[in-house]
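Got a structure here, written out as structure tokens. Questions coming.
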Amino acid sequence: MATGLKSAVLGATGYSGLELTRILLRHPRLEKPVLLLRGGENGAGATDLADVFPELSGNGGYPLHSLSWSALQQQGVRLLFLATPHEASRALVPEALAHGLRVIDLSGAWRLKQAQHRAIYDFQDSDSATATDVTEKAVYGLPELNGGRIASAELVANPGCYPTAALLALLPLARGGLIDETREVVIDAASGVTGAGRTLKRDLLFGEVAEDFRAYAAGNEHRHLPELKAALAREGGFTGDLVFTPHLLPVKRGILETIHVPLARVIDRATAEGIYDTVYANEPCVAVLHGAMPSLKDVVYRNRVAIGVAVVANVRRPRLTVIAAIDNLVKGAAGQAIQNMNVMLGLPETAGLTC
Amino acid sequence: MATGLKSAVLGATGYSGLELTRILLRHPRLEKPVLLLRGGENGAGATDLADVFPELSGNGGYPLHSLSWSALQQQGVRLLFLATPHEASRALVPEALAHGLRVIDLSGAWRLKQAQHRAIYDFQDSDSATATDVTEKAVYGLPELNGGRIASAELVANPGCYPTAALLALLPLARGGLIDETREVVIDAASGVTGAGRTLKRDLLFGEVAEDFRAYAAGNEHRHLPELKAALAREGGFTGDLVFTPHLLPVKRGILETIHVPLARVIDRATAEGIYDTVYANEPCVAVLHGAMPSLKDVVYRNRVAIGVAVVANVRRPRLTVIAAIDNLVKGAAGQAIQNMNVMLGLPETAGLTC
Amino acid sequence: MATGLKSAVLGATGYSGLELTRILLRHPRLEKPVLLLRGGENGAGATDLADVFPELSGNGGYPLHSLSWSALQQQGVRLLFLATPHEASRALVPEALAHGLRVIDLSGAWRLKQAQHRAIYDFQDSDSATATDVTEKAVYGLPELNGGRIASAELVANPGCYPTAALLALLPLARGGLIDETREVVIDAASGVTGAGRTLKRDLLFGEVAEDFRAYAAGNEHRHLPELKAALAREGGFTGDLVFTPHLLPVKRGILETIHVPLARVIDRATAEGIYDTVYANEPCVAVLHGAMPSLKDVVYRNRVAIGVAVVANVRRPRLTVIAAIDNLVKGAAGQAIQNMNVMLGLPETAGLTC
Amino acid sequence: MATGLKSAVLGATGYSGLELTRILLRHPRLEKPVLLLRGGENGAGATDLADVFPELSGNGGYPLHSLSWSALQQQGVRLLFLATPHEASRALVPEALAHGLRVIDLSGAWRLKQAQHRAIYDFQDSDSATATDVTEKAVYGLPELNGGRIASAELVANPGCYPTAALLALLPLARGGLIDETREVVIDAASGVTGAGRTLKRDLLFGEVAEDFRAYAAGNEHRHLPELKAALAREGGFTGDLVFTPHLLPVKRGILETIHVPLARVIDRATAEGIYDTVYANEPCVAVLHGAMPSLKDVVYRNRVAIGVAVVANVRRPRLTVIAAIDNLVKGAAGQAIQNMNVMLGLPETAGLTC
């Protein structure tokens, strides 16, 4: 059934990379991907992905190869997924493009324009000609938003998990001019631990996370905020203030964002739901709930955002509470990367995905 | 060591009642409490609390008695704790007071004034002379706030779990005139499942709650909101709008509230922390964090609220994010009831409690 | 891609039935199944499966129909899945067979021979001619074991979750005459809560199960033991004693069985692994680990058993510890039912399944 | 109320050491303990225990001091708790004894006789005169077993968590000659993650442990087995074989051991329970259940073992299943250390403890 399309994954030894690999392996239109070893901490010394994730063993081999541009060319690889830290992606993407590969980068390396990057990620190359050139090529990979540009992209910057949910929830309202920009939009987001990756940090031990719940980066300190603000301004014309506070949940997967929207005018719930229904009428990966709010179990293990709304009672000025949920590893990372790939390759948008 | 003070607990077969019983049993100044059976679903047919909670077995008897006012008088019981649904408390409190008992009621039955109750709880007796009389006697049992009135109270209405954390976080700011009331205060609260009691609901099954997270009563529909607004107005002079959204966490215990406060003027973090330090200088059950935010593990199994603050960056108008955490069963219910009892009996405020 | 094969599911409102429905909906060779409502507690009043499982909403309709044999015939349904309590299956299977349907029954109603059933399930009809007739038709649906008989079966009795894992671990050793039957085989099994179904029991509340672990039915009191012993004797010639103790884990899915096998002679680990390698050489749903032991994460969300072995050191007589893991809802229930269906319909054994 | 008894804790930055510190801080008869910093990974750079465990902050200071024998003597410290890795305890105990301190060591450094240690822990000093001398002084600290020798001990070797539960369950049967030593005793034990300490291992990340369950050290490879066998032989005269398999549970605290005992003769459940009742009649930290089995929630946060028994049905030769549960950090470590301390100091055995 495969059409001979061949891809490679660099960074399969992290949670997002593993999820990506799993989806690629059962994708009906692709060959088995080439798995590349980055040499970082997760897979040090491993020669097969099952050395890193024993749950893969007993199911055939998943050999890990060192990255070699010429070997990739010989193997006929045309598309490269990077599930690497942003510093690594920053260094690798220009090389990959130069070798004629199309790239889907899951990191934050190419999501922002130069000036924003300078403030947030402190890349040394921010003013180089190459960086400027690659930045201009990068297409922000939210297929519900700009599928047309993704189709022909050489480089797709896969969105961050938190911005994915927030943008899908806020853009229809922003585009409709419904948000009162004189009052702040407040977003409280809660994520499962795989959102933090497979890093060895004491804060991520089971003994610390189980039965706990806490905020982090409170006070607008999270790196996803500039990405979110830039996309809201660029795609929705929104220039108001945001307050974004992420929290760590004692679950493995899933992000739920409770988004408090001051409204420019009174609308009722059916009207609000109708706005989403209209915008997402042809989007297979968006579930608009009616008279209900999403929970994590609506979305985990699926490439789906679920959105619900409530009109806020007992306040003087109109407000809406919008709740959006995704699986951080799927619609928030690997699944969205596959969705982008499908668009780039002209395949059905949900091929290989469960929405 | 016991001074002969004797209490009774009605409703020990629920989570709050069990927690209350456990604290009373190791309280250094009280005799073993009389445990009363309400006859509701949890303890149907039980004659000993260990029939309901097998974890108590092997440690001696916890006999359950039917409620009898004359038996309580004969046993020398002077203080009655009600860990009962609010309808039951509504019916029982007038009787208990008439029999000369002092009462600490953990339900919502007597927390609000008549008119508010009519809207929220729909009590049939709301306009009766007795209800009016008892309502006037009821003292809202937040010891950090009005310890003086609690000391002489006949009836203490123990606060709800959500309002406890929110009031301890907001009142110092409200009293200081620091909240900009033209913008809404947004509170996202997350609670462990014991906050919902030990009721048999499908939504509370492990198979539904584990690995999940969801909001409920979004849109200002939760019953604790009127209690919170009334207390903020009464004690802090705050008349602005609130947006309160509770969430259900996959943990057993603990409430964390992320409270977004629009400020009337710019203040820095040290100043904000200093306000709390001053207000709570002599309060043994309040922990003000400096440069850190609380998490559930800071507070579970303790009669303590932990409060942290962050100034919000990158917004045009000044804002503070305040996070408050409590154990819903301890400072949010049973522990606070004991703290109130200690104040009523002239004992050290933290006797029998771990703060 | 669908070939027009049409199935129906009775009992989709439980955990196993939901899992079954999900797999059928994405099965490449079947039409959308007809979902039948049983009228029991889980789905009372529901007209769409999304009324029961809100996570399905936003994804199109899942209408629930009342059971009508004539309607099923008109719709061209040829295969009926029963995810019903065993009493219901006991009553329905003879009717379904009489209406020409092939049946895969996930309950325990037809797994045992008459006499055994009398002792365990206390069916009123145990001696009736119909019951005897249907019992004779029933094929025990462990495809790795007796695929040939399943292919032509009218009625497949889908095995219990605990016996599935134990049989796949023990039968290769029993058939090889490797078990010392003078010493007992001891099995400690631990299951996630979905194994207990979606029943409203206080013992299954999150507040009771989280952070807990306990045995149940200790002392060989579990109903799966006779099923396991019967299959071990029938298929493996094993007539020794078993000690089977199930435990309840604070996880949603998965069964892990630690099986202590007294050996008739000394064998080393490689030999033991080789026995499993040989027996399961062509079985796509069995993963034999080498030098490793399975954990739940090796198997959840897959139709797979993972098996590992260790030779026991420091004991006088030879022993092996074999550990087998499955997902109780997949290989232990719905996935195995689909695997059986594939065999019955002549489809590839793993069609629609992730092994 | 304190009598001036002063203790010190080395290793308070691990889970057991923190639990120990918490209990000491609320112990009615001891002064606040001196907290000593070992300089290992957990507390590197910390000067206060609240730097390591933020949940302590807001509650006053917990200064950490470098270890100095002369400073301890000047402060009047008479008793030293070591919550250190066994290599560290091995080096420190001889020095501490030489400085006149009594020591309670929570590690495995002094639990075994020389020859056994050589095989298991590979200590370099195993044949030195000092090691021999200290080994002879070490008393195995199971107070229910040998309280008399503990009272006068200079050095108490606090038992391992797994052996504590197993010994309290097995010794009454072994001493009564009830175990059939020709058949193996099989123990499947499951522990919460704090049993593995606060080490940074990928296997202990929340993302790996949550929703998982697995065995480790299968095949009698766990280091606690020689400790258990030695104590069973020494104190119970038991010389049969054991099969011990530990498992990792997705919970924070608690050990449950399912112990399969082949019996030398038939006994019924009441008789078996009666044996435990008699042996533990005066033991405040042992709960013998009647007609019930313990679960983790019976014992967590308490210094208690709970024991239940079931007679195994449907086997040819008599067998008992005994289940024992403890909190690994309390009765399995810190609480038992306090219990030993109470015995050493002539205090009530349960002072400062909740049993």
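The letters A, B, C and D name the chains in turn, as written, and every chain counts its residues from 1.
The criterion applied here is as follows: contacts are C-beta pairs under 8 Å (C-beta built on N, C-alpha and C of every residue); 3 or more make two chains touch, one makes a residue touch a chain.
Every value quoted in this text rests on a predicted model; they were computed, and no experiment measured them.
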{"item": "Farthest chain relative to subunit D (centres taken as mean CA coordinates)", "value": "A"}
{"item": "Chain centre separation (subunit B, subunit D; CA means) in Å", "value": "37"}
{"item": "Centre-to-centre distance between subunit D and subunit A (centres being mean Cα positions), rounded to whole Å", "value": "46"}
{"item": "Computed distance of Cα centres, subunit B from subunit A, in Å", "value": "40"}
{"item": "Multi-partner residues of subunit A (each touching 2 or more other chains)", "value": "208, 210-211, 250-252, 295, 297"}
{"item": "Chain contact topology (line, ring, star, complete or other)", "value": "complete"}
{"item": "Residue ranges of subunit D touching subunit A (in the complex, touch as defined)", "value": "15, 193-194, 198, 200-202, 204-211, 250-252"}
{"item": "For the subunit D and subunit C complex, residues of the former touching the latter", "value": "183-184, 186, 188, 190, 208, 210-216, 218-221, 225, 241-243, 245, 247, 249-254, 256, 258, 260, 262, 293-297, 300, 310-317, 319, 321, 323"}
{"item": "Residue ranges of subunit B touching subunit D (in the complex, touch as defined)", "value": "26, 54-55, 57-59, 210-211, 287-290, 292, 295, 297-299, 301, 306, 354-355"}
